[in-house]
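For reference, chains read A, B, C and D in written order, and residue numbers begin at 1 within each chain.
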Amino acid sequence: MAKATINPKLAAELAIANRILFNEGVVDGFGHVSVRDPGNPKRFLLARSMAPGLVTPKDIMLFDDRSEPVDPRGRATYLERYIHGCIYNARPDVMAVVHSHSPSIIPFGITPQRLRPVYHMSGFLGDGAPVYDIRDFAGDTNMLVTSVALGDALARALGHNVVCLMRGHGSVAVGQSLQHAVYRAVYAETNAKLQSEAMRLGAVKYLSPGEAKLARDSQDRVLGRAYELWTRSAGLKK
Amino acid sequence: MAKATINPKLAAELAIANRILFNEGVVDGFGHVSVRDPGNPKRFLLARSMAPGLVTPKDIMLFDDRSEPVDPRGRATYLERYIHGCIYNARPDVMAVVHSHSPSIIPFGITPQRLRPVYHMSGFLGDGAPVYDIRDFAGDTNMLVTSVALGDALARALGHNVVCLMRGHGSVAVGQSLQHAVYRAVYAETNAKLQSEAMRLGAVKYLSPGEAKLARDSQDRVLGRAYELWTRSAGLKK
Amino acid sequence: MAKATINPKLAAELAIANRILFNEGVVDGFGHVSVRDPGNPKRFLLARSMAPGLVTPKDIMLFDDRSEPVDPRGRATYLERYIHGCIYNARPDVMAVVHSHSPSIIPFGITPQRLRPVYHMSGFLGDGAPVYDIRDFAGDTNMLVTSVALGDALARALGHNVVCLMRGHGSVAVGQSLQHAVYRAVYAETNAKLQSEAMRLGAVKYLSPGEAKLARDSQDRVLGRAYELWTRSAGLKK
Amino acid sequence: MAKATINPKLAAELAIANRILFNEGVVDGFGHVSVRDPGNPKRFLLARSMAPGLVTPKDIMLFDDRSEPVDPRGRATYLERYIHGCIYNARPDVMAVVHSHSPSIIPFGITPQRLRPVYHMSGFLGDGAPVYDIRDFAGDTNMLVTSVALGDALARALGHNVVCLMRGHGSVAVGQSLQHAVYRAVYAETNAKLQSEAMRLGAVKYLSPGEAKLARDSQDRVLGRAYELWTRSAGLKK
């Protein structure tokens, strides 16, 4: 059957993105990253349920627009695969999604402080990242996005932003390519760390909305420079 | 004599747990982890007195329900082996115990702040970890749990929880398996770090008791994913 | 043509400085370091546009006093090469320039706190590092120093100091040699981290201006000891 | 001449101590450690002027009780060798001295907060470490202990303690053996980090003087367990 055909180049790129996210400290044993299939935009690629740092191309599976595996063959899938499918449905511009519990971001999801851009590397944070609180939609839960309904609620919270925090859980970062989503996941974490430090020193001068936009546009064009380094640092290229 | 027979598979698993705890930064030159012998629940396995990061299967010894070595053969034992025996006596559900001085937890044992779950990874902290202060039982000491009496007092402080802090010393984490105890030791440390950070930003929204319970149940079923990664990261599996 | 001749020894030293700055955590995928050509002081050496941690001698290019490449041969150049040329023009004593986004310094560029020397290693900070805010000169920008006008403004903000912070961006460190500029970039970062920590504990006793000057003079003479270590740590010498 | 004969076993042990201190993050390109010659207690061994992480047994030199090299053969010596000689003169019980700029300790030397033991690992801090301020003895200086007079002042500030902080500079840790001095340098740094964190959470319950003494006595007997690990971690033993 043709329907479960996975683009091998895209699967290889997705495996690399998994390894980079682990090597750069964005994900640990948990977290995941997906990429939309440009040849069939209603489908996306995502690893089977496993630690992202161990993912290889043969672990990549194909999912449909209800976030269900096209050809599961008995493989376990992430409970939170709905994060990905629902965002792809809501945001045609998004080609890749990272979900992580990166540590410096967690405090901004559980306190009144907003994650805002402190420097040009994270202009993509605009005037601040929104926060999704699963309790608002479903009361007491295991905190996980385990259904289309919860995934749709998260996608609505994300809105037109590229990063959305998840209260008591983690965050998502999206982009027009795998490289963009990974870059934003890395620098949202770095920004959170720097912002926490800065807030303890005194009143913080954030990027203005105009600076944030211009910085984002500028960084969007040069982030391949970091991606090349991350690929080598993860031992994925000599 | 049959009495000192050590299950070789269990000894191998315990050596791996030692190495993981060191590699993940939970223990340094000190700290220890034990596992109850399922074939003889009044006994438990624990390394001889040595740095956990260097433990191999041949360093594993067997201890009885008074926390004394069954077949010492001159090997030095941990002064605090009573931590393990006393908890196994008090908690038939516990199959493994980790004792560590992991750094981010120490501040929560010496200040009025309680360690509470900030995200789904640490739902096992429930409505907050109790603190055992050895001074309450024995006045000035070297801070170590060096007797059955002190071990029993610690087990009482632990109660039905899975993590208990020790004032001016460290903590214990327990579980229904080695993997569960190790997972909790790792994420109690991570939670402490995140909670400290969050408390400096403002009022913290912790997991509700209901969320904590549901998140714990959920994570209890998927933590093998992290354990697989930790095993490989410690160089214990190709 | 003789004009693009690059001193191979100097190019090799510059490649080493790039690798050290990455290995010591001063630069990540971004940032750059240059060295003035002593044989032609109106020119300086700088890598082509790439991650500093990957720079080798063959990636080094030559730039003129307008910060334009002498012999580009189609290679991409850093957008912010003007930082280097403008400082060399303004400061004949400067032989090397590091530009980085090292993390602990960022908070001092976006809050009212001044970066000041907390110990003898960073006496070069004198009575505090100045801050350059690009917004004062150009309103909303992408935060980057992308022209001679902006580079000249930065050089004026630097004045006679050896470190200048850049609001919402990073910093520059300069020196009478590559070793001096690298040493200052490393210890400005370390000082920032220590100063942040100290300020949370209470009133800080900084080095007096006299101590700062004497400490700087003294460290300027022994920093080769650290440079030797950094070179080996980066795997650049057996 | 017999006078410059260096005990090769002691020189080897001192080289190991240098490498451990670097590997454990106590020293960077600067800092030093010495050991008294038990065969000639008026003399001590110390490396030539170089980064401690690179020291090998052949770099070890012999110094007299005025802290001058017995047989220099043109080798450069540390400017601050007086730290060592003056402490050995004042404290017959001390057999080893570590001088470092370990990062978490610096803030306690420049603020009114005292470094005090937060847990059993650092009972050696007693009721708090004293602080030596070179400015009190010599006004504005380069902050370095570059004479017998300054070394004697430091030794007086140390008094009967085993750790003494140096304002705007670093600290010294001493012991009845190399292992004891190294252990104290490592855990004074760790204690500083934990104490800083704890002070931000609220009122800190430190070890009582009685607990500190008992904990110190207890740890003094088991620290070989950590030293074995550190030796292996530094790649100095298979």
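Keep in mind that, in the parts below, a contact is a pair of C-beta atoms (placed from the backbone, for glycine too) under 8 Å apart; a residue touches a chain by one contact, two chains touch by 3 or more.
In this text, all values refer to a predicted model and were calculated from it rather than measured experimentally.
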Next item on the list: Trace the shortest sequence of touching chains from subunit A to subunit D and report its length in steps.
Entry: 2
Note to self: Using CA atoms for the superposition, what rotation angle relates subunit C to subunit D, in steps of 5 degrees?
What the structure shows: 90
Notebook entry, point to check: Farthest chain from subunit A, comparing Cα centres?
Noted result: D
Check: If you average the CA atoms of subunit A and of subunit B, how far apart do the two points sit, in angstrom?
Finding: 33
Checklist line | Numbers and ranges of subunit C residues touching at least 2 other chains | finding: 200
Checklist line | In contact (per the touch rule at the top): chain pairs | finding: A-B, A-C, B-D, C-D
Next item on the list: Enumerate the contact residues on subunit A facing subunit C in the complex.
Entry: 117-121, 123, 190, 193-194, 197-198, 200-208, 210-211, 214-215, 217-218, 222-223, 225-230, 232-233
Check: Which bits of subunit B are touching subunit D when the two form their complex?
Finding: 28-30, 49-51, 53-54, 79, 101, 103-104, 106-108, 110-113, 135, 139-144, 167-170, 196, 199-200
